[in-house]
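Every chain is named by a letter (A, B, C, D, E, F and G) in the order it is written, and numbering of its residues begins at 1.
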Amino acid sequence: MTAVEIIMFACLAIGVVFNTLGVIGLLRFPDVYTRMHATTKATTFGSIFTSLAVIVYGLSMFFSQADSQYLTLAIHAFLAAACLAFTNAVSAHAIARAAHRSGIRPVLAVVDRLAEANL
Amino acid sequence: MIEQIPHILVLLGLIASAILTYYFKDLLAATLAAGLFSFLISLEFYILQAPDVAISQAAIGAGLTTAIFIIAIGATGRFEGESS
Amino acid sequence: MIAFLVTAGMAFLLYLVLTAGSGSIGFWSFSELVMGVLLAILNGLIARNFLCRSKSYRLLDPRRLLQLLVYVPGPFFVELTKANLDVAYRVITMKIRPGIVRVHSGLKTDLGIFMLANSITLTPGTLSVGIDEATNDLFIHNINVSEGDEKRDVIESTELFGLANLPAWIRRIAE
Amino acid sequence: MSRIVRTAADIIYPFILIFGLYVVAHGHLTPGGGFQGGAVIATGGALVIVAYSYAEVREWLSKNVLMGQEVIGLVGFIGVALIAFAFGQVFFFNYLNASGSLFGIPVPYGINAGELNTGGFVPLMNFSVGCEVWGGLTLVILYMLSGLEKEGC
Amino acid sequence: MIDAWILTVICLTVLMVLATVRLVLGPTAPDRAIALDTVNTLVIAAMVIIGVIFKEIIFVDVAIVYGLLSFVSTLYIAKYIGGEL
Amino acid sequence: MKKMIVLFTSLLILSAFLGVMALTFTFGAPKMTDMDDYFLRFGQEQTGTNNQCTSVTFDFRGFDTLGESTVLFCAVIGVALIFRKMQAGEEYEDE
Amino acid sequence: MLWNLPFITVVVLTFIGIVTVLLKKNLIKILLGINILESAVNLFLVSLGYREGGVAPIFTLAPSELMVLPTPQALTLTSIVIGVATSALVLSFAMVLYKKYGTVDIDKIRRLQG
């Protein structure tokens, strides 16, 4: 086990753990908004880390073998992770807004300013 | 053997999502299940070494199929057996 | 004209990133560069009214770009990590006290609002639910409203972040 | 949709466009081609349509231009195939391959890194089919939205 | 060496199946939509890793297509749920 | 009810037929591969493409693609005609 | 290996698709069934062309020379795009029918007609 492999496996482990937490939160939380907290943050973070493992793999192979295809692998994995982080936030906002417009109120809420604002 | 486990799980997920598409009375939920079906079948094509087909299914199934079904549901009605 | 140049330039940069590692001029081959220029011109002709809809070219300032490049892996990533530890804690213990609060942002441009909303969505315990189009205030679903906050009408956006002052960064970048 | 979604659609549309063009242009080297790239770009158009309302989009995306794109794509596809007669060959013969001119560099046999300037008339066909699919699928979404009862959606 | 990658993919597919449970149960439509969104994210992560397992560099393009386009369907669903379509 | 029973029986017979047919194929070992092996061996030098799917789509089986793009064109024209009539306010009455 | 599981999946999916087309009354649900049927056929073609240990038929930096069959993939590829266009056509017909009859239930449409 070299240092690079340890970093890669650590990234994979972190990614799997946070993805698992996200899915458990999706199953356990009581209403839409809290479920969205779990899925948006945790699965985005986990997928960024699994992609990071691939990036580390590609870069280490690129520097050890000087083969430019591994550079392509690293860059494309980075682009996939970046698109993921960008679009997940937007779609979470869209679904939250739509859920609130369709009349679903947060369970256990102590305050709901958006319903008072009457937009 | 261990490499086949994701393949088997994806195939089972395909069957499950097809049954869900049949089962839901709410057409919006049925469309969502069809979207899940499309994602899983794209992953299956990817595993079967057909990246061309996977890209095609990704581009079509991720956006356009769901979009046209949602538009048609918006024009007609959300529940099965509903009429105006 | 500026819009066309900006869009074509960004498209060309993205094309270069996508095709890195194809040849010998730097990382690129000659035909890739020619094709990249052609496709970037086509892209600029089609999409110039989309990318530059607001007609503000603040991000062309290199200092702002540099700050953007520091912001994403720096303070933003730190807050993202903290958010995930927070979510892990809430998933395991189920201690939640949710509520939707109004947050005063003080930002004016579309890009600033967009960046703040996305940062809020990905950072601790908060999720942007709605936006007041007139005053640019955001409505935030907070998973753990702290004591006393439910009485207040408006919360300042800097109070949401613990470690780094993200709204100040966004104001420096986008305003 | 809200202002955040509109800004996001504005920012991401050029990237979808250039990525779709990349998929079309590299159809003979990497997974992709005319059908896939055209579908990607058409989905980008669907993104713009969903972020704004139909009344706004109708002025940016002209139906006549899209229909013209579709016709040009189909005619270009048949035309590129028909030029083979001018070389004294059969229909769909790849006359540009290994000719040294446009897209005409001969390919080494076996596994290689790939060079964009190869493929004969396949890239031209990719571009025309991509044009057709782009126009056609965007047109489908636009027309189906116009069939909705409610205005201002 | 390769086993860690395969193990990760197996975990991700199991998580997909678990997220499908929320798609079945979900009392309201937004619940089902976020379940679909979760499956999306997991599919992208799995695709990137399977690309490494197969040693095929060019396969990762499919994951980028997913990352760029998967939220279009989510936006359509959100627009319909929000009553704007 | 009788109709349903007939329908289900025929469907069961159909699926049993399909199942037997599927079990006679072996997954992972295709039998007739002459044409595809030819494409794999000579496609690269005859069409100049590295991606053999594209070479089959646009060169070897170009006529299929021609027909399919015509079908696409016709479908889009059909959608356009339907909604143009709808927008023009024509009523869909019986003759 | 894998005990022909992809083919069995194809059979099950075909069964579900045909049942959806035959038993459901709603036009949009029938179209979802047709989509499933179409995907089943695509999956059947692609898995017919799969070769044990083969790689995708793309020579750009492929890891080995043994490749899966390209022709089924090339035919499947176009059929997906055609499928979405024809689905759009039938959905537009459904929208027109709803405008005229006020329902997309095929039994009610038949009754209203005759």
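Criterion: contacts are C-beta pairs under 8 Å (C-beta built on N, C-alpha and C of every residue); 3 or more make two chains touch, one makes a residue touch a chain.
Since this is a predicted model, take the numbers as computed values, not measurements.
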Any chain in contact with subunit A as well as subunit G: D, E
Minimum number of chain-to-chain touching steps separating subunit D from subunit F: 1
Selected pair, greater C-beta contact count between D-E and A-E: A-E
Computed distance of Cα centres, subunit D from subunit C, in Å: 29
Centroid distance [mean C-alpha coordinates] between subunit F and subunit B, Å: 18
Gap in Å, rounded to a whole number, between the CA centres of subunit C and subunit A: 15
Distance between chain centroids, defined by C-alpha means - subunit D, subunit G (Å): 23
Of all residues in subunit C, the ones touching two or more other chains: 18, 22, 117-118, 128, 130
Residue numbers of subunit B (touch at least two other chains): 49, 51-52, 54-56, 59-60, 62-64, 67-68, 71-75
Multi-chain contact residues (two or more partners), subunit F: 44, 50-51, 53-55, 57, 65, 69, 72, 75-76, 79, 82-83, 86
Contact set on subunit E toward subunit B in their complex: 3, 6, 9-10, 12-14, 16-17, 20, 23-24, 29, 32-33, 36, 39-40, 43, 46-47, 50, 53-54, 56, 58-59, 61-62, 65-66, 69-70, 72-73, 76-77, 79-81, 85
Interfacial residue positions of subunit G with respect to subunit D in the complex: 56, 58-62, 65, 77-78, 80-81, 84-85, 88, 91-92, 95-96
Subunit G residues touching subunit F - in the complex, by the definition given at the top: 1-2, 4-8, 10-11, 14-15, 18-19, 22-23, 47-52, 57-60, 67, 69-71, 73-75, 77-79, 81-82, 85-86, 88-89, 92-93, 96, 99-100
Interface residues, subunit E side, partner subunit A - complex: 1, 4-5, 8, 11-12, 15, 18-19, 21-22, 28-31, 33-35, 37-38, 41-42, 44-45, 47-49, 51-52, 57, 60-61, 63-64, 66-68, 70-71, 74-75, 77-83
Subunit C-facing residues of subunit D, complex: 2-4, 6-11, 13-15, 17-19, 21-22, 25-26, 48, 60, 113-117
